[in-house]
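I've put the structures underneath this note.
After this come two complexes, each holding chain A, first together with chain B and then together with chain C.
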Partner chain A sequence: MTERIRLGHKDGEHGLWVSPPGVDIATANRFLLSSAADMLKIHAQGEYRSISTLDDSVYWKHEFELPFPDLGYIPLAIVGVKQGNGEVNFPPNLWPFTQYLGVGLGTYMSVIGIATDRIKVYGWNSDKDITFYYTVFRHKLLDGV
Partner chain B sequence: MADRLLMEAGKLIVSKEGKDASDPALTPGDMMFNSDWLFSGTIIAAGVHVDTASYGFAKSFAEDGFRVNEGTSDTYTQVINFPEQNYVPTVLLIPLGDSRYWSDFGMLLLAPGAFSATTSLVRDAPITVTYSQIIIPRVRNVGNGWRTREDFIYVVMGM
Partner chain C sequence: MVERVHIRRNPFRFRISKPGKSVDSSNLDDFIIHEGQGVIAPYITGTVTVPNEGNVLVSFGRTYSRPALVMLKCASGVVAYPYQVYAVIQPDMASMRIYNTRLGAAQTVTYYVYWNSIGGD
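So, the complex of A and B:
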């Protein structure tokens, strides 16, 4: 029978290892669980539907924050965006939020950012109705900036 | 009090608070870990990669926006190193906006990938992953030959 779980001694270390289904712990080159490796832990997760009420005849303004308990650092977070076509884009296609200002002026885009305690969205988009899906992990990317 | 750990030959389950790990009706949402899963969130590395290439333009500020996809005259390929594995891991890259503007907003800023900006931009070669590196050739403007600076969030997963 395949040994998949080892609590004790392995390769000179003490710890806990679990190999993937069908893989023996002695020959595994990756682990489902390893006390020697970090794992993604979810801090906050949710969705937010933004229905804009302010437009400039072409673009709709979307401005909202997705707060989460302050981590004291900027965490790893992923965001998916669903627009009018009904598809969720991940990583999000943020080009609809951009404005190309011309040669030499560069490209500017609205703010979509990750702070220590929130995800912030502030921008203009051709869709009035947009839904954001987000997951914040307890993994430090940066000190607060 | 719920018994949240089940460990027997070839099987390890850790259930969430209030759920009994030996309950046969346990759903995946009731578990923190199940040895039958194919992936459990093990990561090799995750962080922020900031491009070290020179800037084509000085920093400027727009009240409601920030500059992305800065041009550079540098052509070297970007490399993100991670601890060497004996397999090629799955990697997630999330494009970021120019890091010079992060402190103005007090946060790390996401941005569209440079490659999708316009058909006049092409990457010199595909992005590749090896046992220990993410190799990111630069995006080039076909018209004027300028390359593009790119910053990323990277996640190297144990799968």
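So, the complex of A and C:
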């Protein structure tokens, strides 16, 4: 029977380890949980339904903020978008919010900004009603400004 | 030497601090795991060969209420990127298709699907 949870001593360190199913702690080269390395920690997450009220006859403008408790630094964050067909792309991308208007007319560019206490989303899409999903991790990308 | 693992029933505590940091710290940034905050949990992983200009369907084995958190890694060193090597979570929220486009060759892709959703479980 494999040993999958160890609270105690391993390779000269004291700590806690949990190995994947069927893999013994003593021979594991990756862990579900290990006190020897950091974990991706969740600071905030949620979903936001954006129903646009402003359009230019072709595209709807979506602009909103997703606030979270101030971390004092700019964190790693992910924003996902459920498109009209119900699909969600990974990596999340801004492509559905970047609209080419035609030769000589330019392009609507979308922006997702991350501050120490909020995510800001700004973009254009042919759908008026869009659901966004987000997760903010307790991991620093940049010092806060 | 600081105490780095603290498990207690009353009051409940389940903490592992970073090397050199005490489990008594009041700063959540000092912890690898803390009973007051969640972490992402690996759920399934595997490796597939995605044909050039093709895709492979991967079932999650469960249905998510919100989009699963997914990560991809290519053996060739190509970084997962939209409309190159990327995953599309299907509308059933129970599977994804991994696509390989514009690269001109089959790609060996390792995927990681987490128990967590983007947006919370």
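For the reader, a short list of remarks on this structure follows.
Methods note: the second predicted complex is superposed on the first by the 133 of 145 C-alpha atoms of A that agree within 3 Å, B and C clash if a C-alpha of one lies under 4 Å from a C-alpha of the other, contacts with A are read in each partner's own complex, and residues count from 1 in each chain.
Operating definition for what follows: a contact is a pair of C-beta atoms (placed from the backbone, for glycine too) under 8 Å apart; a residue touches a chain by one contact, two chains touch by 3 or more.
Values in this document were obtained by computation on a predicted structure and should not be read as measured data.
In the superposition on chain A, A:Arg4 makes contact with chain B only, while chain C stays out of contact range.
Using the contact criterion defined above for the overlaid structures, shared-chain residue A:Pro67 touches neither chain B nor chain C, since it reaches no partner. Within the superposed three-chain model, A:Pro21 lies in touch with chain B and out of touch with chain C [touch as defined at top].
Look at A:Tyr122: by the touch rule set out above, it reaches chain B but stays clear of chain C. Chain A has more of its residues touched by B than by the other of chain B and chain C. By the touch criterion defined above, A:Ile78 reaches both chain B and chain C.
When the shared chain is aligned, chain B and chain C each come close enough to touch A:Met39. Overlap of the chain B and chain C interfaces on chain A: residues 7, 20, 32-33, 37-41, 78-79, 91-93, 95. Those residues of chain B lying in contact with chain A across their complex are 7, 9-12, 33, 35-44, 46-48, 57, 60, 62, 64-70, 85-87, 89, 92, 94-95, 97, 102-103, 105-113, 116-117, 153, 155, 158-159. Listing the residues of chain A that touch chain C in their complex gives 7, 14-16, 20, 32-33, 35, 37-43, 45-47, 78-80, 82, 85-93, 95, 133-135, 138. On the chain C side of its complex with chain A, the touching residues are 4-5, 7, 16, 18, 28-29, 31-34, 37-42, 66-67, 69-72, 80-83, 86-91, 96, 116-120. On the chain A side of its complex with chain B, the touching residues are 1-5, 7, 18, 20-21, 29-34, 37-41, 74, 76, 78-79, 91-95, 97-99, 104, 106-115, 120, 122-123, 139, 141-142, 144-145.
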